[in-house]
Amino acid sequence: MAPAVFLHEAVVLSGRFPLLAGASLQIEEGEIAHIRGANGAGKTSLLRLCAGLLPLHRGAGFVLGHDLSLDRRSLRRQVGLLGHQSFLYEELTVGENLRYALRASGCDRRRAEPAAARLSLAGRLFDTPVARLSAGQRRRTALAVLLARDPALWLLDEPHAGLDEEGRHLLDSLIAGSRAKGRTVVLCSHEHDHAASLSDRVIVVAGGRVLQEPAGVA
Amino acid sequence: MKSNRILRLTGALGLAGVVATFWLGLFVTPNAEFFGSLVRLLYVHPSMAWVAFLAYGMAFLSSLLYLWPRTRHPRFDHLAGASAEVGVVFTGLTLVTGSIWGRTTWGVWWTWDPLLTTTALLFVLYLGYLALRRVPGDPEVVARRSAIAALIAFIDVPIVYFSVTWWRSLHQPPTVNLASRHLYVHGIMAFTLFLSFASFTLVYAWLTAQRYRLYALAEKEADEGLDLALEERRAEGVPA
Amino acid sequence: MWRDALIVAGKDLRIELRSKVALNQVVPFAAVVILLFGLALGPDRAALSPAAAGLFWVAVLLSAVLATQRSFAVEAADGARDGLRLSGLDPAGIFLGKAGAVAGELIVLEGLLSVGVAVLYGLQLTGGLVLVAACLAATVGLAAVGVTYGAVASGLRIKETLLPLLFLPVAAPVLLGATKAWQEALTGRPGAGAGWLGVLAAFAVVYVAVGIVAFGPLLEEA
C-alpha cells in the first residue's frame, strides 16, 4: 500500500526564506501521526505542504498518490486542513458555511445537520452568523466542516487550542472515529502528553527538517 | 566575455546613432516648406513611439513565455520588467515630443487626438504594471501576477486605440495623419529618419539588456543565498 | 465550471444580502459622486444634461472599484483565500461566480443611479433598449476586468491603492463606449448608439475569456 504522505528532501520557500529545508517523511495510510517541534520549526508549513497549498521548490512529495510538484488542485478535495484560521465566512451562518463547503467539495449537503449536531452546533447556533460566534464555537464550526467533508487525510494544526473541556473530548472522539474509518490524521500539537495518547507515532520537526530519531526530547 | 562586448558595441552604436540623428536633424536637414523647423521633431518622435510599442510587445511576449508552463523561467519575468520600464520612459518622451508638436501646430499643449490619447492611456496602464512589479512580496507570486497584468494591459491596447479613434472620428478627422499632409521625405531627410529608427532601437536593446542584467544579478545573489539560508535554517534545529 | 460558478455567486450574493455593504455604502458613494459633479459643473442644466451620460459612467466605474474590493475583502477575512483554494472549486468557476455577483450588484446600482441622474441632471431617459443593453454589456466587461485585477491585487500589502491604478486605465474603453452609446440614445439616435454596443460586447467577451484562463494561475501560488 502506498503511503498517505511521502516527502523526500522537500524544500519550500516563502520568498527567500526556507520554510522547509529538506524535510523527509513517510506516513502510512490509517496512521495517526503527532508532529511536535518548537515555534517556527516548520510544523505548519509541513501541514500546508501536505494540503497542497505550498509549492515544492526542491525535492519530491506525494500525498494520497498526487505528485505535489505536478498536481496540487485535485489533491485538495481529498484533504481537510484545520488551521489557525478557520476559513469561514463571517456573514454566513454555521449552516450556510457547512452547506457551502460541502457543495464546493462535491459532497452531499445533507451531511451538514448531523455534523453540526455532533459538535453541539444544532438549533439556534446553526442559524447564527459566524461573526457572532465565540472563538471556541468557530473552532467547532471548522471541525464540523471537516467532519462533514470527511476527507481521506486530516491535517490538524493545534486542534485543541481554544476548545473547552467538552470540545476537547469531542475532538478526541472525532480523531478516534476517523481512525476507525481508516482515515489518516496528522496533527501538530504542543500538548505533548495529550497528543501522544491519541497518536501512533511522534515526528519531531526542527529547523525545517524532520529529525528521524525523536532522541531525548522529553 | 563575448556577450559583454556585443552589449557594449550595441550601446556605443546606439548612442552614436542618436547623436548623429540629432546633428543631422538639427543642422543638416532643410526646413520643410509647410512645417518649417518643426519638421525636425519628426526625426525623433516616431522612433520614440516605435520603441515604446516595441518594448510593450516584448514585455507581452516575455510575459506569455513566463506564464507558459514549459518555458517558465525567471529570465522572462526579468525581460518583461526590463522592457516595460524602458517602454514607459519612451512613452513619456513620445508624449512630451507630441505635446511640443501640438503646441506649435495647433497652439495647445494637448489635444484629444486619437494617437495622443491612446499613448497617454498606455502610459498610465504601464505605470500600473510597474507599480505592481514593485509590490513587496514573494518574487514568484509578484512575477506571475505581473505577467497576467501585462497580458491584460497589452490586450487592451488595440481596444483602446479602436474606441478612441472611433470616438474622435465622429467629431473631426484624426489630426496627426502624416500621409495626408504630403510631406515629402527624401534624400538626407529619409536617411535621418531611418538612422533615428535604427539608433533608437539599438538604444532600446542596450537599455533593456542592462536592466535585465541587473535583474539577473539580483536573482543570482538570491540564489547563492539560498544554500546559505538552507544551512542556517537547518542549524536552527540543532541544539547549541 | 458553471456549477461552481453558481455556488460561488450564490455565496457572494448571500453575503451581500446579509451585510448590505453595496447597498449601504457603494450606492450612497455613487450618489455622492454625481452630486459632487453637479456642484462642480454648476446648477445650469444646459451644462449638466450633455455631460450626464459621462458623469453617470464615471460614477459607475468608481463604484466598480469599490464593489471589486469588497468582493475580495469577503474572501480575505479569516484566511478564506486559502479556503477558496482548499475548497477544490474550479478556478474558472470561482472567477465566473465572483464576476457574476459583482455584475449583479453593479446592475442594481446602475438602475438606482440612472434614476438619480435623471432627476438631478434633468434627463429624459429615452431610447431605453440601447440604454439597458449598454448597461448589461458594459457591466459584464467591468466585472470581468475588476475581478481579474482584484485577484491580481488580493493578498498583496498595498492592494487598496494598486487596484484603482490597474483597473481604471484598462476600463477606459468601457467608459468611452458606454458613454457614447448613452449619449446617442439620449439624443434620439439609438441607431448610432448601437454601434458602440459592439465595442462593449467585444470588451466583455475578451476579458471574460482572459479571466477564465488567468484565474487558475492567479489563485495557484503560495
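In order of appearance the chains are A, B and C, and numbering begins at 1 in each one.
FYI, contacts are C-beta pairs under 8 Å (C-beta built on N, C-alpha and C of every residue); 3 or more make two chains touch, one makes a residue touch a chain.
Not measured: the values here are computed from a predicted model.
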item: A-B against B-C, pair bridged by the larger set of C-beta contacts; value: B-C
item: Closest chain to the centre of mass proxy, which here is the mean CA position; value: C
item: Chain separated most widely from chain C, comparing mean CA positions; value: A
item: Distance between chain centroids, defined by C-alpha means - chain A, chain C (Å); value: 38
item: Euclidean distance of C-alpha centroids - chain A vs chain B, Å; value: 49
item: Distance between chain centroids, defined by C-alpha means - chain B, chain C (Å); value: 31
item: Two or more partner chains touched - positions in chain B; value: 137-138, 140
item: Shared interface positions of chain C, touching two or more other chains; value: 221-222
item: Chain A: positions in contact with at least two other chains; value: 13-14, 55
item: Residues of chain C that touch chain B when the two form their complex; value: 145, 148-149, 152-153, 155-158, 162, 165-166, 169-170, 172-173, 176-177, 180, 199, 202-203, 206-207, 210, 214, 217-218, 221-222
item: Residues on chain B engaged by chain C in the complex (per definition of touch); value: 67, 121, 124-125, 127-129, 131-132, 135-138, 140-142, 144-145, 148-149, 151-153, 155-156, 159-160, 162-164, 166-167, 170
item: Sites on chain C touched by chain A in the complex; value: 4, 7, 11, 14-15, 18-19, 74, 77-80, 82-83, 85-89, 220-222
item: Chain B partner contacts - residues on chain A that touch it in the complex; value: 11, 13-18, 21-22, 40-41, 55, 205-209, 211
item: Touching residues (chain side chain B, partner chain A) in the complex; value: 137-140, 222, 225-226, 229-230, 233-238
